[in-house]
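Right, I'll just put the structure down here and ask away after.
Read from first to last, the chains carry the letters A, B, C and D; within each, the first residue is number 1.
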Amino acid sequence: MSARPAEAAPPIRTRGIVRENRPEGSYWRLTLSVADFTRFAPGQFVMLSPGAELAAPRTDPLLPRPMAVYRARAAEGAGCEVEVLYKVTGRGTALLSSARPPEAVAVVGPLGRGFPLPPPGTRGLVVGGGTGIASLYELAARASARGDVRVLLGARSARDLEIARDFAALPLRLRLATEDGSRGRTGLVTELLAEELATSDPLLVYACGPTPMMRRAAEMAAAAGQGCLVSLENPMACGFGVCLGCAAPLREGGFALVCRDGPVFEAARVEWENLA
Amino acid sequence: MSARPAEAAPPIRTRGIVRENRPEGSYWRLTLSVADFTRFAPGQFVMLSPGAELAAPRTDPLLPRPMAVYRARAAEGAGCEVEVLYKVTGRGTALLSSARPPEAVAVVGPLGRGFPLPPPGTRGLVVGGGTGIASLYELAARASARGDVRVLLGARSARDLEIARDFAALPLRLRLATEDGSRGRTGLVTELLAEELATSDPLLVYACGPTPMMRRAAEMAAAAGQGCLVSLENPMACGFGVCLGCAAPLREGGFALVCRDGPVFEAARVEWENLA
Amino acid sequence: MSARAPLAPDRVDARVNLGGIALRNPVLTASGTFGYGTEFAPFLDLRRLGGIVSKSLTVAPRTGNLPARIAETASGMLNAIGLENVGVEAFVREKLPALHPDVVVVASVFGTEMEHYAQVCARLEGEPRVAGFEINASCPHVKSGGIEFGQRADVLAELVRTVRRAARKPLLVKLSPNVTSIAEMARVCEGEGADGLSLVNTLQALDVDVETRRPLLRNVLGGLSGPAIRPVALRMVFQASHAVKIPICGIGGIETAEDAIKFLLCGATAVQVGTANYRNPAVAGEIADGIRAHAARHGFARVADLVGALEVPGV
Amino acid sequence: MSARAPLAPDRVDARVNLGGIALRNPVLTASGTFGYGTEFAPFLDLRRLGGIVSKSLTVAPRTGNLPARIAETASGMLNAIGLENVGVEAFVREKLPALHPDVVVVASVFGTEMEHYAQVCARLEGEPRVAGFEINASCPHVKSGGIEFGQRADVLAELVRTVRRAARKPLLVKLSPNVTSIAEMARVCEGEGADGLSLVNTLQALDVDVETRRPLLRNVLGGLSGPAIRPVALRMVFQASHAVKIPICGIGGIETAEDAIKFLLCGATAVQVGTANYRNPAVAGEIADGIRAHAARHGFARVADLVGALEVPGV
């Protein structure tokens, strides 16, 4: 496997003005306009304040939340519009869902090393589930503009896959699976992956989602002799390599920092057992 | 002096839905609709959460903020509309100013013992400044419906007295003073008080505002042989007599709890020196 | 984590026994944050609680410190009330009778000398409405001419010994968190015959007004309480529960049923709710209900089975 | 409070001297929260700071604890990183040269045995880029087979003595807050020749996931930092500054210039910014500017004149 994660653009700290923030199936879609951002690599992330910054600072919740850049486009004038797709899973994301235009959210980014595009002649096999789907759209969009891409998305039920419509609008093959059968194949996304791996074409698997799903995808890709990249979601305090809080254990020994060395890693390097 | 502070209605804990929250001169006017409140005595207060309660609880700022009931009227259906007039002086009030309809604010109240109305034949002399003005409107309204009332309001400048328009709509004599002369008499409100005290009519002075102002008013009333009630603004944690945090030292020795025994006190009982 | 099948909440037995004090559920309210109980009547039926702990009582009534006595800090508050209380006599004559007979009352006891503690307990021994004593061995903000009773092992031992002689009722000792080793202090109390421990009291602290350049509290130093201290309190309960066999009442920053359950898992048999009562005077009842619901959802038929059920990973 | 006439900010002399380390302003960044400095280049010109304190360095590189290593608490966070660091050699060869020569660097030093501390200092003695040492005597989360160096006066004394012999550069000792008497520990360090004190390190703490019934950190115990601990840290700085004459560097929950000034008023000559760097990587620079502005507004021509300027009311 030769793909090397893309280099990161230098991060800055700035404010994102909430343009839109609304529920979409089981996700929320937050659109921020950020005056001084320019470019992101697919799979890069930002650290967002846990909720809008109102008329006075609060210290609870304290830490910023890592969120993938779902989609970014140059805004009219300068800067860009950044879309974040998130699930409300705790206090920080719940407070984020209370943010309304034109409140401001503190943003640090772009951070981390994102996904490299598939090398020429290699098919990209993008496998997503849960909040992991948010890390994959920009990759799917850019890769499908250049070459052959298939996207496999899995979820509990149809409500979790309303978001698939964005992927459906791209020039790629999209396959869905839900556990309750309410949309696409009944079952796990890894069952779709098994079918896609039954080929001798060169593939590069990109997986992002719940740890068991990524781990299984990694094992299947390895068994099929195909490359696999995963994007890890570890708790983070800083997002830029100074707190050492996000360390992921490596099979070669020692740790990598998910925020600085990742979040994208070659799956074969990850020591899944102790990932937390 | 015989006036005894009015008895308090039993307090409850409930939610106030923000109907309106907008700046008015140097104050903000917050209108809450509270389903299960019915009646307030003038000078009573509520404890409000420091800012709206959003989709998840936050513990900073921690404590509720005491705020006088500026005005309350029965709402259509049940409950009532409570108006609070506040100044942004710190984090809690700044966050309160970020609250927007239809967000909810936690409310405990009505609390404390409010102002008794002037006894028959006694003129009410209502002296207000700063945030203290908010404690006096309901008193002025009810007292002026029954008898002779004069209201003296003082402030730095005209911007602080936009609120006087509410008082001007009442059947009472209103006199204003500003330090910069931008509205009413140039000078301190106590200068107006001195003039009003030059009478042999029986008076009851009601003062609420910055401590030096209340203290001075109390001294002047005492020298003139007239009664004086003040409404104290001590920091509070609970508002209903259990934390013992709001204690005000008394001239007779010991302490009174501002939240439970007050906030309205006979001025002569207050040991101003150690009020904090 | 062993999965268990959920139960109906009414099938959960919430009772616990705190060193001889039988409680209908593990939620008490903390000394000094709940007045004498009656103040909460408008908000909460006290019979929903495991019990209440009185404001710390002294032999004679005490007046407190000059203001300012309280201040807000990040997710916490400081207080230096000065142990103002009505005194043990007024407590017996006025406060106790005002409470419904089904409310379990623990009397918090304090004195500036050891004998005073014993006197207060002796006065309350014959009071059937007092279920037990909680010795306040830790008061960082009263100038008793030195360090806290609960900060030196030998002093604490002597205090517990002195009080134990006067007290036949269940005796809890409330520990100061301002110590190097909470385990040592816990063992000292167990050794002197305490029936249980309450921890923690407030962390000694200070805050400043940068505009006036004065301390926020007139007393300069005060006690820090509230959610800010919860992780420190949890650690101390965990350490103390591994050091002694007597039951522990966990205190510090409890705002929700989840917070309370953290203390149970770390080894507390019961908990006390303090500062949270100010934000929400009905919160202690909500926490009691929430613990039952949590136990049911996780398939624990007895809340007592949650006590010490923390699963510590092998390293 | 004595009123003074405001000054222009550029007329304020912000320099302070921290036990022989000359700083252009009193704001440093705290060990373990600022990496090796270079990571902040995108956000902040490090020359705006008084200085930076490195991640604690050991003789050999160290790998850290298994995850989870961090968790969020009310206005704070827990960490149990496990003192992962590149080791003193890589620090000298790779990290130091990457910093602009005008950046003042204090090397934080750690070891599991006293001799290791001395070895690290000895290796750095000849390094002109190292302005001084900060001895990390308090690490509640590394299983060194017992209690922290900084929790026992005799152990701490021996540690400082051992290191002092190896270190001619200015020597700061960073104290643990997990002690009964911070004043005693401060005096011990002064007695053994320390040039200054840094306080506080993190408060030992614990938090729990009630759904899985496991500690949030793999290491079970961790260190609490952030705004939650600020009032405790202020109290300790206040007490230590009254106990010793050597200068103090105040640490704990500093998020704003106001917070930093509170520490100065309580007797700290300088401060360190820790957890706040995560929320806002430019914050240390903003705090440095804010202190100057505050001093100017209050008419202090020298920031050093704010040190210990707390006005304590008579009672």
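What we mean here is this: contacts are C-beta pairs under 8 Å (C-beta built on N, C-alpha and C of every residue); 3 or more make two chains touch, one makes a residue touch a chain.
What you are looking at is a predicted structure, and each value in this text was computed from that prediction instead of being measured.
K.L.:
Both subunit A and subunit C are touched by which chains?
P.N.:
B, D
K.L.:
Which chains are shared contacts of subunit B and subunit D?
P.N.:
Touches both subunit B and subunit D: A, C.
K.L.:
Compute the centre of every chain as the mean of its C-alpha atoms, then state which one is farthest from the centre of subunit C.
P.N.:
Most distant chain from subunit C: A.
K.L.:
Round to the nearest whole Å and give the separation of the Cα centres of subunit B and subunit C.
P.N.:
36
K.L.:
Using mean C-alpha positions as chain centres, tell me how far subunit A is from subunit B in Å, no decimals.
P.N.:
Their C-alpha centroids are separated by 53 Å.
K.L.:
Please tell me the distance, in whole Å, between the geometric centres of subunit C and subunit D computed from their C-alpha atoms.
P.N.:
33
K.L.:
I need the residues of subunit C touching at least two other chains; which ones are they?
P.N.:
In subunit C, residues 66, 73-76, 218, 226-228 touch at least two other chains, as defined above.
K.L.:
Residue numbers in subunit B touching 2 or more other chains?
P.N.:
Touching at least two other chains: 57, 59-61.
K.L.:
So with touch defined the way it is at the top, what topology do the chains form here? Options are line, ring, star, complete, other.
P.N.:
complete
K.L.:
Which positions of subunit A touch subunit B when the two form their complex?
P.N.:
Within the complex, subunit A touches subunit B at residues 51, 54-61, 88, 90-92, 94-95, 97-98, 100.
K.L.:
With touch defined as at the start, can you tell me which subunit C residues reach subunit D in the complex?
P.N.:
1, 66, 73-76, 78, 147, 151-152, 178-181, 203-208, 210, 212-215, 218-221, 224, 226-232, 234-235, 238, 253, 258, 261-262, 265-266, 294, 309-313, 315
K.L.:
Where on subunit C is subunit B touching in the complex?
P.N.:
These residues of subunit C touch subunit B: 32-35, 39-40, 42-43, 63-64, 66-77, 79, 81, 84, 218, 226-228, 255-256, 275, 277-282.
K.L.:
Of all residues in subunit C, which touch subunit A in the complex?
P.N.:
74-75, 227
K.L.:
State the interface residues of subunit B toward subunit D in the complex, per the touch definition above.
P.N.:
Against subunit D, the touching part of subunit B is residues 59-60.
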